[in-house]
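In what follows, chain A forms one complex with chain B and a second complex with chain C.
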Partner chain A sequence: MTLDRKNFLVGTGVAAAGAAIGFPAIVGAAPEPIRLGTIPCLTGSNALLGSQEHDGIQLAVEQINARPEKVYDGRPFEVVEEDATNDNQSAVSALNKLLGENIVAVICPVLSTQVQAMAPVMKSHDIPWMTGGTAVKNTQLGVGGMFRLRASDGITAAAMTNFAVKEKHAKKVAILHASDAFGTGGADQIVQNLKKMNMDPVANEQYPKDAKDFTAEILKIKQSGADALLMYIQNPSDTAIILQQLRSLGFTPPIVGSPSLGNQTAMETAKKNANGAYAAVDFIVGFNSNVATHFLTSFYQRFHHNPDVGSGSGWVFDSVNMLAAVYRKQKSTDPKRTIASLKSLKGFEGVLGRFDADAEGNMVHSVSIGRIEDEKLHLVKTVSA
Partner chain B sequence: MNRRVLALIVLIVAVALIPAVVHSDYILTLCVTAGIYAIVVMGLGILLGFTGQMSLAQAAFFGIGAYTSGWLTTHLGWPVWPAMACAMAMSALVALAVGYPCLRLSGHYLALATIGFGIIAQLVLINWKDVTNGSDGMTGIPAPVIGPWTFEHYNSYFYIVLVAVLACAYVAWRIKTTRVGRALEAIRENEIAARATGIDATRYKIIAFVFAGAYAGLAGSLLAHTTKFLSPDSYSFDQSVVFLVMLIVGGSSSIGGAILGAVLLEFLPEVLRPLKSSYIMVYGAAVVVMIIFMPRGLVGLFESLRARWRRGAPPPLGAAAAAEAEAA
Partner chain C sequence: MHFDPVANLQLLVSGLAIGSIYALVALGFVLIYNAVGVVNFAQGEFVMFPAYIAATFALPAVAVFGGVVHWQLPLIAVYLLVIVLMVGFGLLFNRIAYYPLRDRGWLPVVISTIGVSIFLRNLVQLTWGSQPLVLPPLFPVDTIAVGALHIRPQDLAIIGVTALLIAFQYVLFERTTLGKQMRATAQDRTTARLIGIRVGRIVAITFVYSALLGTVSGLLVAPLFTVTKEMGALIALKAFAASIVGGFGSIPGAIIGGLTIGVIETFGGFYVSSAYVDAIAFVILIGVLLVRPSGLFGERVAEKA
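For the complex of A and B:
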């Protein structure tokens, strides 16, 4: 065939048509990633929690993306991460930035105050919001797609109070808490539970943010004649310092703490000062499901340190896997369908146990009381809501 | 109309066009927050820059304004505008009550007294649960309304903040250029000499303190009606330090410097976001470098560069630091 003008035009026309038909198929060979927004506190005084959140998400995403089908139909997760820092206004800025990034769901910071500050923005976006913030109010903010993957302070505070009064036969209960939203919210819940038992705390001490000396608060608690101390504190380093000072000031009655007392970082920092203390926690190593055992092993292999399962890495790992399971089942990332699926979710097995959604979006309905010995928690009992 | 006024008008028009050009909620939120912080920092400028008195309680007055406005609109159902006026008045009143005893002190002692007041104010916000709702925070704060228009979205709220910034800048400029301003300046330069010339230094320092409180109260109210959520965490000593750094970086005795410092330090962390967790190191280093090499702030740097430019040859690289050192 000679290459005349007509043949050239036909040839190039056919080639162009072929390219036009084939090009989308070639482009389509790389399935579109599913963009997941996350806002951990990577800097500031809660960076320990934020780095755990970061690691938990990274591990879950790496494991899901390593599967042949990835999330579904070959679509991988792509994480878009913004630092919530340590203040509310920065968290709101981070959220606004994320919302311009074509994300389908957000894993929120663990601090309840930041979750509540972001709520007015969240209300105008119908996407799933996964939170580990335990303030009771978090799921009552009028945000349609809010789901909590940890036990609320209501459940934790009730378990702590019941344990101190009924199991440890305390008659004079003292409270020590941080002055942030987490600490005061939890302390209020404890006071309400004590009132149900016709009791009032003999001391209710709070300390300011970033305090490093708790002598005044501890001496006041000692002078109150307390026969049990309930602590509601978020920050693991605060918890470790308080335990050290309680021991050095000779405080001996039973101590029952919120989840940060059973936090791996707090136990490792406090060392023998934590021995004999009790913690109401989401998770205890050694009493876990196969999912949790796999998580613990793979986390250590990946990061060469142990995870803080409850308040740190566990709930975010579960969040990512829960979203992946829902997307896989419905073969879609449509946010409204996802919210509906999450609202009706029952019996999902995760690191933190079994998840069953209630009408408010609460997914966890029990906590465990553990006793600390040699930097390890030993299960005493499990308490359901 | 001189060139300076013309340049200012062009700048204001350019800023007013931002919501028409920028459609990102993220950028608009930052602009609104930077404008609100600029008002607080201008107030601090009247106290520190004009009068030479150090206060680390600006976040407390900011919080008092925010909570007053929030409480009046959510608990008593007041419209936003009178609540804003009351917020400003309440912060000014508290500043008067605090300033009266505190401003008999000066220097480090005054700074310590204001730190104490700031901590007390935050503890009150946390513990006065009937009014502030404690650490749970205050929610459901409404957006301002004018006739049929609700200023719900950032692109409309931007104009409220812009008008407030311009009004506050005008008042600050009027203070600076009148007899009060000259009295404040005299106190800043030498309080004993100022007293010797018949200036009632304590009275003028209290006036400056009240203005600083009123500015912070207005800004707090503006923040409350845009974030619609208040939490005591936002009104800590740390926040007062941030306001102080904004003023020093911008230029403490200049109104433009206060605005520039607030805008720069609001946007700088966002510009550094790609650095992830190491941004805080770069941010801190940048602030330290600015304070060391620009003791009169960004405005001082611009003034030095302009003066050198007018004198002749364009300034060589590194001239800025030398000029600043000379000026200092």
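For the complex of A and C:
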């Protein structure tokens, strides 16, 4: 047979059709990966939180993809990551870029201010949005698929206020907070809780982003005669600097902080200056489940340092595993079905404890109060909403 | 709010300490501006980068490139080592960021310094990651209590070292040939070259000196502020404002401008609002420029009709 133009075209067409129809079945095409979007703050002054988020996601995805069935039917997770940097505009730009990447769910940055800035874009996309941002408002933004995997500031602030007033018998409570959405939201919650006890804060000081010298704030708090200080701060480095300056300026009343005070990095950076302070936290090492113990061990083996479990790596690790469990159960990544499954989720055991979704998408309903000694948290009590 | 003399003294010490840091960094801005006619936007990284190097050599364990190093050298040895390394850094900065662009106008050099600033921040992120580091303080005690007054020895060290550096700089510029050559180069590079001054060498020395001013600032504030890759940015911004308040190009202006901004923002944070402490610095800047556009010590420039 001579290879004329007609035979060539017919032959090529048959070969192409055969390749398209039969070839994948013959060699076994790789199952389609499940694309998961993530937007940690990888650069800027919150890169510490972002790097912990990145590591937690990476660990969870590596563990899931190492299973024979991967997520389900051999489909692995594939992470599509964009940098939220340190400002809201960048976070929104990163989100817009991510939404063009055929993703089925997004793990949001931990900063509430960025989550709130992204909300108008999120509203028009029915996919699950997993957040560790604790501002109460985050689950009230009208975003259908929003799920929070940490205790809200409402629970944390109430626990902090009750502990200071009822357990430490404080009568003059001062507040020091960051001026971002997290800090102001938390401070507002504390003020509301104090009002329920017929109290007002004797000082309510906020500091601007990237501040390093807190002498003015601390002196005002000292001058107010405060017998307890409640701190609502996200950045572990800020927390450590403030603790150092509080001690060096002779502030001695009890200090009760938001989760970043019990953050591993904050405790390791503040060292002895953190001794005796209390923190309302999502997680205390030593009082954890088997899931958490396995997470701590594998995280250290993988990254050679301890994780910041609450605000950093724990909630994202739980987010990935929770999504995997839902996908595995429904054998589908359909976003609407996934949102419905997450809304009815009860009793999921994760690193941060037991997750039970409520109508707003809140999944954690308790915090622990811990006392810091020698860079370690010691459980004082657990407070439920 | 009642007047509390102890609180005011505390604020003054703290304001002078942070103002001293602004002054040192502002001096770095001014010296380079005078020598080569451009603003060095990497001045904040001259504060941050040596602090990371110092922490690496001083701490018992520091994560570097994913591994862990265990140097823990004595603090004095660390300081000397960092100073030597930063001399090399200043020379390298001059050779890479300035020298190849020296005849192409001011804009390429400014862009080059911005590029180095971004490069250094990313280099730090890649090398040391995001964990903050804490450089040990110079003194074993955190605070000295005198009645109700709590003084941090580190604050006193900052003020003292700044005073010594200013005195050293006065002697250098007024009493030494090198200083006179630096001043001559700052005033008119062409004439300086004509009278036999090796301008290229003097410019290189200016970059080294500016890097060392940043190094001293970084080593002094690192025990108080923790070492992060952002630590130099806000200091540099305030120092830049200070150098404009003082009169850009004026050495006494940079010092007075730095101290003024440091003290006023600390008192402003206490008496007005700590939330607006950054705004206070820039309100001062605008106020001074409205009243005296050339700054407190700047030369008046008049245009002939």
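Assume the second predicted complex is superposed on the first by the 360 of 385 C-alpha atoms of A that agree within 3 Å, B and C clash if a C-alpha of one lies under 4 Å from a C-alpha of the other, contacts with A are read in each partner's own complex, and residues count from 1 in each chain.
The rule is simple: a contact is a pair of C-beta atoms (placed from the backbone, for glycine too) under 8 Å apart; a residue touches a chain by one contact, two chains touch by 3 or more.
It should be emphasised that the depicted structure is a prediction, and the values quoted were computed from it without experimental measurement.
Return fit or clash for chain B versus chain C, each positioned on chain A through the superposition.
clash
One more residue to check, A:Asn96. First (chain B), second (chain C), both or neither?
Once the two structures are laid over each other on A, A:Asn96 reaches chain B alone.
Mind working out whether A:Gly347 is in touch with chain B, chain C, both or neither, as first, second, both or neither?
neither
Is A:Asp213 touching anything from chain B or chain C once the two structures are fitted on A? First, second, both or neither.
second
May I ask you to decide whether A:Ala117 touches chain B, chain C, both, or neither, giving the answer as first, second, both or neither?
first
For A:Asp180, decide between first (touching chain B), second (touching chain C), both and neither.
So A:Asp180 only meets chain B here.
By the touch definition at the top of the document, which applies to A:Ala47: first (chain B), second (chain C), both, or neither?
A:Ala47: touches chain B and chain C.
Looking at the overlay, does A:Asp87 come into contact with chain B only (first), chain C only (second), both, or neither?
It touches chain B, and chain C stays clear.
After lining up the shared chain so the two structures overlap, which partner does A:Pro68 touch, if you call chain B first and chain C second: first, second, both or neither?
In the superposition, A:Pro68 touches no partner, neither chain B nor chain C.
After superposition on chain A, which segment of chain B among 77-85, 113-121, 221-229 or 257-265 overlaps with chain C?
Of the candidate stretches of chain B, chain C runs into 113-121.
Starting from the residues of chain A touching chain B, keep only those that also touch chain C in the other complex, and list them.
43-44, 47, 51, 179, 206, 208
Enumerate the contact residues on chain B facing chain A in the complex.
By the definition above, chain B touches chain A via 24-26, 29-30, 33, 119, 122-123, 126, 134-137, 139, 227-229, 231, 233-234, 236, 238-239, 269-270, 273, 276-277, 279-280.
Which part of chain A faces chain B closely enough to touch in the complex?
So the residues of chain A touching chain B come out as 42-44, 47, 51, 81-83, 85, 87-90, 92-93, 96-97, 99-100, 113, 116-117, 119-120, 135, 137, 141, 179-185, 188, 206, 208-209.
Considering the complex alone, what residue numbers of chain C touch chain A?
Residues 1, 4, 7, 10-11, 14-15, 18, 63, 66, 68, 121-122, 125, 129-132, 134, 142-143, 145, 148, 150, 152, 221, 224-226, 228-231, 233-235, 266-270, 274-278.
For the complex, which residues does chain A have touching chain C?
Touching chain C from chain A are residues 43-45, 47-48, 50-51, 179, 205-208, 210-217, 219-220, 222-223, 236-237, 240-241, 244-245, 247-250, 265, 269, 271, 304-305.
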